[in-house]
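Per-chain residue numbering starts at 1, and chain names A, B, C and D are given in the order in which the chains are listed.
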Amino acid sequence: FHLYSGSTMAKSKFEYVRNFETDDTCLRNCYIVVRLDGRNFHRFAEQHSFAKPNDERALGLMTHSARTVMEELEDIMIAYGQSDEYSFVFKRSSNWFKRRASKLVTHVASQFSSSYVFHWRDYFGEQPLLYPPGFDGRVVLYPSNQNLKDYLSWRQADCHINNLYNTAFWNLVQKGGLSTSQAEEKLKGTVAADKNEILFSEFNVNYNNEPSLYRKGTVLIWEKVNETTMKQVRLPNEEEKEVTVMRSRSKVTAHHCDVIGEQFWQQHPEILESDG
Amino acid sequence: FHLYSGSTMAKSKFEYVRNFETDDTCLRNCYIVVRLDGRNFHRFAEQHSFAKPNDERALGLMTHSARTVMEELEDIMIAYGQSDEYSFVFKRSSNWFKRRASKLVTHVASQFSSSYVFHWRDYFGEQPLLYPPGFDGRVVLYPSNQNLKDYLSWRQADCHINNLYNTAFWNLVQKGGLSTSQAEEKLKGTVAADKNEILFSEFNVNYNNEPSLYRKGTVLIWEKVNETTMKQVRLPNEEEKEVTVMRSRSKVTAHHCDVIGEQFWQQHPEILESDG
Amino acid sequence: FHLYSGSTMAKSKFEYVRNFETDDTCLRNCYIVVRLDGRNFHRFAEQHSFAKPNDERALGLMTHSARTVMEELEDIMIAYGQSDEYSFVFKRSSNWFKRRASKLVTHVASQFSSSYVFHWRDYFGEQPLLYPPGFDGRVVLYPSNQNLKDYLSWRQADCHINNLYNTAFWNLVQKGGLSTSQAEEKLKGTVAADKNEILFSEFNVNYNNEPSLYRKGTVLIWEKVNETTMKQVRLPNEEEKEVTVMRSRSKVTAHHCDVIGEQFWQQHPEILESDG
Amino acid sequence: FHLYSGSTMAKSKFEYVRNFETDDTCLRNCYIVVRLDGRNFHRFAEQHSFAKPNDERALGLMTHSARTVMEELEDIMIAYGQSDEYSFVFKRSSNWFKRRASKLVTHVASQFSSSYVFHWRDYFGEQPLLYPPGFDGRVVLYPSNQNLKDYLSWRQADCHINNLYNTAFWNLVQKGGLSTSQAEEKLKGTVAADKNEILFSEFNVNYNNEPSLYRKGTVLIWEKVNETTMKQVRLPNEEEKEVTVMRSRSKVTAHHCDVIGEQFWQQHPEILESDG
């Protein structure tokens, strides 16, 4: 029994190692953006036979996972996702986990990853998940509303550029019969208008009519929604009766709209806090 | 079509936001420790009916997930786990992801979390996982071998102290018929020797004979193991024959031994790099 | 000669140590505030017989040194000083020294310190400087105009509180004949109105008439000033003549006014950049 | 008087700005190196007519200032200087200013700069200092003794390379009558042996006989020295007598020796702490 009598002492002897942990508090009054990216998702998409250029199941699962992150963690005001990436924006006044960067980013990465596996069947049904996927994350701070809007615009512009390219590319391959290297060669040096033209003249595809989910990505925000539920109430005469009750509650809602430009922000003034 | 012609320009207009990302490179020649902790695992354990004080299935799943992390990510030399936490040690000379702290910690948190859900059934069988669990992570640097050994000793001393307490506590409750608050009261102010005595005299439990998995936690390291496989070979006379082939390969192996003290480190000199 | 032939090689063998330097770039679009504080200035003031509660020579030398900092370094828009401290505000869009915190803070601390010694005689005449004084510095970032204004207000409120206390304290000691501990005792627990009352009723001092240099501290900003200089010009008839030339140029000017409240900021809209 | 009654409240209203200060604690158990570099010292040397290639007065003043830094600040075990730079090494176990990087680096930069101006006359006599010079600083951490020795070796190798080049260059210009661009051209592409050969064959200069101050730079360390002082003592017979007293005390001593190689470190084992 003597073996353990010194254990508490032993622990305190080692406890000095705690002091090597450094403080990574995020600067106050800045938006905290956490962006996740799929690890080796090119290979993952191949192995799980994702449709090209967009797999609706995969995009749905990404957004389901992102929704879980917003519902489980605190203070995320808006999220934006496209392809295999998702950005989460914590409000600038957030004090969640004392704004410790490593805590925020790992919570997001962990919750997203476990949700992705957990909800796989809801989107891919009997097609098995072959191995647990990984996502990496980073933290970026934005001091002003304009900086944050420009960040989200940057990701949405990236979505547009990639999706237009991919749509043209896979039409050339899947319908046009080109090899992948021929398609690549054909698109080299083309600008947006060229790709639109190829899609329209060769494949009768009006890019603007493609699903906005693909062209714009997905914006998740909190919105007040009215819900009607049935409720048993006991009347004065002791009778029970079922009545319709309307409640307003906050829910995460998905949008496939422009965040570039002012319209979205004017319609949703509650997302941003003032630059005060 | 004109709507999109300016998109590349638009993207580059927003691209300045990249410069807000800050460098979080870990100091060279230091061990990088990533520690994960289960989020709200007290509640999670209740809801999934974990056995008290130790649930072998849960510990097995933790270690399986940690093993996946070691196999999937690079440069992790040793990992140590107990209860709902796991520490991963990257070698001090590692240059994985350019030593960027946020990348290292999110990769570990993400891979661990998705593996936990992925392998749930292997440990809990038909008992369903009710929701996707979360783990948070942190990064700590240790400049010397002694610092690193002291870190791991600190976690193992923590394991011992908690497990001795929990073993005494749950024996008092489960076998002794005490309420949880009575058990808490009884153990208040006791030292290790007292708890050992209670276990022995009241419940005939010799704490030293408890499973080392519970008392010591789990150490994962890379070891060379010899594997024999059967292989078809074609003999000179065109006959085919099955022969036994022995190969040596590196494998993650689990140990429930002391890391406090020098013996373990002397037996595994390959884990640490010199303080040069 | 052979001894040195390997020197370049030797250097490159050691050069890996450069990689241990870490990046300390200040977040973009934030004001960078550098604050200096005198080291052991209580003792320094004693040893150099500073007048109590305010030494005009010492304050003048502080401001002269601060002015040198603004003129020598780039992108400082405003500085604020009181007692033995001075704050310097780099504009939020500054890219001086790539916004590296250690470079900014040491340049300010070094330039201020060498100026302090260099200009000592201009303020203290034949009274010798007994030893070279030290100042320490820190860097703080402010993301919004309001935050920056609140920072400067915080320092000015600190100036007011300390100066009111010190004025009351030294009147009690110097004119009232109290010992320092009696004066301390008398002021314990008093609010501003009490101290004003003591000054007025016991010493006939109206605190509001004390020099604003003492009550408000010193604000340094860049202002356009018109300067007239004499210049020799050669007339068409080869005659030389002296003419008066008026030029507008930017100069550092000192003010002892409120920065708490909006008036100052409305009068000097060029100091702040918009929160865009 | 009412104007000020709310001042303490005002201060606390603004005090939230303190929370924007971030923690910059240096990782424990690492050597903290602060290196200063002269700002625009090429111009400064020109304007103050420094001798080429080495000005003994300027080097002496640098070392005097560095000595002041070591004597005034705590926990600096060794400093190394050459040209217009000086490096200061805080011991790895130092807890001075809680290891806050900004405090350490500004204290060094400030004390060095004010000392440089303060002691100017001791080295330059009647030649006036034209303006207050500036020095910038940086902080670098080294986790192991080998890393630290390699850092100092790097700086000394740099000293050697620059001084050999400068010695050859200025001999070509001052004695050889070449223009500066001709001298530059002549040295282009030469290795150390070539420069030694030029010095020897053209100017009869054996580089190895050049002052070690120039070739090796200056190492400052703390050493126990025995000092003899005269002291009046009163003898039993009431007579007074002057006696010689020997005391041992720690003093900063200067050396112009190799820090590359093991000899120096073996002679001064007290400088480094073990890698434990």
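We adopt the following convention: a residue touches a chain if its C-beta (ideal position, glycine included) is under 8 Å from a C-beta of that chain, and two chains touch if they have at least 3 such contacts.
The model shown is predicted, which means the values in this text are computed figures rather than measured ones.
On a Cα centroid basis, the chain most remote from chain D in this structure is A. Across C-D and A-D, the chain pair carrying more C-beta contacts is C-D. Annotation: 52 Å between the Cα-based centres of chain A and chain D. One simple way to say how far apart two chains are is to compare their mean CA positions; for chain C and chain D this gives 28 Å.
Shared interface positions of chain D, i.e. residues touching 2 or more other chains, are given as 20, 22, 27-29, 141-142, 147. With chains as nodes and touching pairs as edges, the resulting graph is complete, every pair of chains being joined. Considering their complex, residues 27-30, 141-147, 275-276 of chain D touch chain B. Residues 1-8, 10-11, 14-18, 20-22, 24, 36, 39, 68, 72, 97, 101-103, 105-107, 109-119, 129, 131-142, 147, 150-151, 153-154, 157-158, 160-161, 164, 191-193, 196-197, 200, 207-208, 260 of chain C are the ones that touch chain D when the two sit in their complex. Contacts from chain A toward chain D in the complex involve residues 19-20, 22-23, 25, 27-29.
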